[in-house]
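In the two assemblies presented below, chain A is common to both, partnered first by chain B and then by chain C.
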Partner chain A sequence: MASAMDVPQATGSQGEFRDKLVAEGLLIPSSVAGVTGQGPAFVDLRQRLDARISKLVADEGAVAMEFPPIEPRHDMESVGYLTSFPQLAGSVFAFHGEDAEALALGEQAHAHQDWSGHLQSAGIVMVPAACHPVYPALARQQVPPDGITIDTGPAWVFRHEPSDDPSRLVAFHMRELVRAGPADTVGAWRDAWRDRALQFLQSLGLPAVFDEANDPFFGRSGKVLARSQRAQKLKFEILVPVGGDHPTAVASFNAHGDHFASVFGLGPVHTACLGFGMERCVLALLFTHGTDVSQWPADVLAELS
Partner chain B sequence: MTTPMNDLILSVLSEHGRLPVSPESLGESDDLYAAGMTSHASISVMLGLEDAFDVEFPDRMLTREVFSSIASIRAALNELAAAA
Partner chain C sequence: MASAMDVPQATGSQGEFRDKLVAEGLLIPSSVAGVTGQGPAFVDLRQRLDARISKLVADEGAVAMEFPPIEPRHDMESVGYLTSFPQLAGSVFAFHGEDAEALALGEQAHAHQDWSGHLQSAGIVMVPAACHPVYPALARQQVPPDGITIDTGPAWVFRHEPSDDPSRLVAFHMRELVRAGPADTVGAWRDAWRDRALQFLQSLGLPAVFDEANDPFFGRSGKVLARSQRAQKLKFEILVPVGGDHPTAVASFNAHGDHFASVFGLGPVHTACLGFGMERCVLALLFTHGTDVSQWPADVLAELS
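Up next, the complex of A and B:
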């Protein structure tokens, strides 16, 4: 497993694809790998895809909930995220000092020196998955006996895995459906959505397949978690080629058992979620159909009209 | 069966397994996950065993099954001891 200090390099074809996207104004690079802006054509595609997903999920009767891209640090601690993914977590630190220290901080910052020693935790972390703020929110209401589905909308999420690969962004939009319901129903819900989502992405002309998967758990001990997750078939991904040596996951389908329900006291329910990586879906479309959207197949354009 | 190895395994389970029951009350083939050990607790058990027995589990032993019962943990530790 790569150490936290490694910045994975894009493969040749990922690099070519990125350079083309930048040259054509679809993506806007910055001085930091993975911190990438989106030009008007990219934003338009992402919004059209989001609207199409809204149609896809309309019959689910999902309840809309939106959250900021930050959440209480306590919630991230409670779910064990810092045990599973310490390398991905983002934490907000803020200045609480007096005038003299503020002056020192400002001078160091102006000289681009390390000023982090002047900061203390603000009690806030970056949301790493759109579903995370949903579970504590559900704890503040009653989960109906036959279950509930939440639609997070296209939420900003953060994962610190800087890379040159245009598909691996440090911050990106993830649209999730989150299901909390009776233990014997959420697995079937997840599998049914996996099949629907696969069909949907194929209807956009994408050569999409699904496969069993695991999350990138940290370190040697993370191998136990990753293999355990695979052995229990807790995670599926939909994969599409986006220029790398291997297809890229553009959507994932996760069963959590009673993990989140027990942490947040949701009652005798299990939870599951599915998420579309919005930027990755758009990149998969651009990679498959080309960067000139006017030349895309008519049926794909009709789906996204 | 009380042996120094079993006692040490039970003590690691007691300290790191976050089980709702005493590890001594479990049969040696009982499923620790079924008894309430979470995945996160299992990696804490793994690191606790490495510390207590001064071993490093090789890659092939970093699985759910190895940490699923007292018997499977003992078998893995015996294998490492035999190889040492």
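Up next, the complex of A and C:
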């Protein structure tokens, strides 16, 4: 039986890689698995990679739109995320009470007792993918006849799969390009970017390959959805080994057909997106080239200078 | 009687300013008040301001540490945030069930019905201030005898005060410098930065002033805490009018004594922090100089080039 808590944990070699990153100050653990801070060398690499991606995508003429890590609950309900991925969603609850109840909440919290009964939904959820807030935003403007590309910048996204695998974070940066345009052009756009992104990651010395993929749909019915997604070639991923032999997805390329366009009334367009998992890309670089950045190959350092 | 929902809403002139920012594509509203996206011109200004602050703080030799917008619930409980500010906290809930319950949740969500009963606390809360994750991180290393300064970068923080005032966002970027060091040095550090930050914001043409301040402690007992905080001069703010005559805090400067150090076992140190509200600084610039950035004074543009 499927359970929301079937989350992959670190293999032995992934655990060793994590311990090394923590010992060297690259990652900063907390008391909750997958809620992880970043030390100075990690921050520096992530920013250099982000700047390099800005150069890579410059000729796309994308419009910058940045969104907070939260979005309206209603939007997540509308796109069907809670049918497909209820186990990954994060919902924000808040306190709406008055003095007496606040006192009780504060005392329970102080004693590390359960105070969750004092909370109610705030109508807000964690953003699960950088592109999600883009679609309702596009609904507020006209999509030009020849289409539009949005650059989300390095947005924080949330997946509730607490794990001690350093590549499986509950919160991480996803930088996406989102394309909305005529149906017959969007698929070619995605495939062209898949090839460019693969070449780009290989230029950083990463042993990157691409493969067809499926999202982690929940439960028994999810198996059917996953097979259908693969059969229609709706999702590609770029994979790099991180922390052992296991290939880890560092970028993904998704075609949505008219799903988001019809939910948000974007007109007769299709949408597609590509996303870089920023922390996974940095981890792939650290695993491939070592944690001493000064010893990385000169051509890789030149790319990231 | 105090209620968690006593949140200031926009005055007439603040509402006019918000409508102008939305009409010109600087801000992108959503269906939830205070959950607001940023268009290209706003993103550009925020990034230029962030780069300028990096220059301002360069001589501090701060260590970069960046954290996700979520932190362990246990840490928020430990520092007493839920006693002082229960109305502002955001708690992340998630689904831990199996197939049959997932089906029910998905159907309710699809119909925009209440599915919150299927969720439980995930042991995670929204980060309420950029400095909060820094203290448990410092507990994992030794604070040097002469102290240490951490630069959080532009971190996303959360305050549950949904408002149609464009300056009062539920999620926004706060960039903080956090100082931990000998008790007799930390106060002077904060006061020196207060003066430098005031001069810096004035150099951007902002009519900035500083004032003693207090945090929005909840309820009846909160009034006592607020008076005590003011009497001890623990908090200063820099204020700029945004969207009318009302002065809006765009930066704050806080002394914590040994509070965080004792909770997290940092040794015999005190802590203090200063934080820039990045969106409020950008809004103050747009309100002061106008929404057409090309018409801003040359010396302001030079500072932000």
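Everything below uses one rule, namely that the second predicted complex is superposed on the first by the 298 of 305 C-alpha atoms of A that agree within 3 Å, B and C clash if a C-alpha of one lies under 4 Å from a C-alpha of the other, contacts with A are read in each partner's own complex, and residues count from 1 in each chain.
Here, contacts are C-beta pairs under 8 Å (C-beta built on N, C-alpha and C of every residue); 3 or more make two chains touch, one makes a residue touch a chain.
Computed from a prediction, not measured in an experiment: that's the story for all the values here.
*Asks:* Name the contact category of A:Ala23: first (chain B only), second (chain C only), both, or neither.
*Replies:* Neither chain B nor chain C is touched by A:Ala23.
*Asks:* Touch check for A:Thr83: first (chain B), second (chain C), both, or neither?
*Replies:* A:Thr83 sits against chain B and chain C alike.
*Asks:* Which partner does A:His160 reach: the first (chain B), the second (chain C), both, or neither?
*Replies:* Second partner only, chain C.
*Asks:* Under the stated touch criterion, which partner chain does A:Ala183 make contact with: chain B (first), chain C (second), both, or neither?
*Replies:* Neither partner.
*Asks:* In the three-chain superposition, say which chain, chain B or chain C, touches more residues of chain A.
*Replies:* The larger set of chain A residues in touch belongs to C.
*Asks:* Who does A:Ala51 touch here: chain B (first), chain C (second), both, or neither?
*Replies:* Once the two structures are laid over each other on A, A:Ala51 reaches no partner at all.
*Asks:* Touch check for A:Val224: first (chain B), second (chain C), both, or neither?
*Replies:* A:Val224 contacts chain B only, not chain C.
*Asks:* Kindly classify A:Pro40 by the partners it touches after superposition: chain B alone (first), chain C alone (second), both, or neither?
*Replies:* The second partner, chain C, only.
*Asks:* Taking the two structures together, which residues of chain A meet both chain B and chain C?
*Replies:* On chain A, the residues that contact chain B in one structure and chain C in the other are 80, 83, 220-221.
*Asks:* Give every residue of chain C touching chain A within the complex, in rising order.
*Replies:* Counting only chain C, the residues touching chain A are 1-5, 25, 28-32, 35-40, 43-44, 63-72, 74-78, 80, 82-83, 86-87, 89-99, 102-103, 105-107, 109-110, 112, 114-116, 118-124, 126, 133, 136-137, 140-141, 153, 156, 158, 160, 162, 169-172, 218-221.
*Asks:* Where on chain A is chain B touching in the complex?
*Replies:* These residues of chain A touch chain B: 80, 83-84, 220-225, 227-229, 231-232, 259.
*Asks:* Looking at the complex, which residues from chain B come into contact with chain A?
*Replies:* Answer in residue numbers: 38-40, 42-43, 46-47, 57, 59, 62-67.
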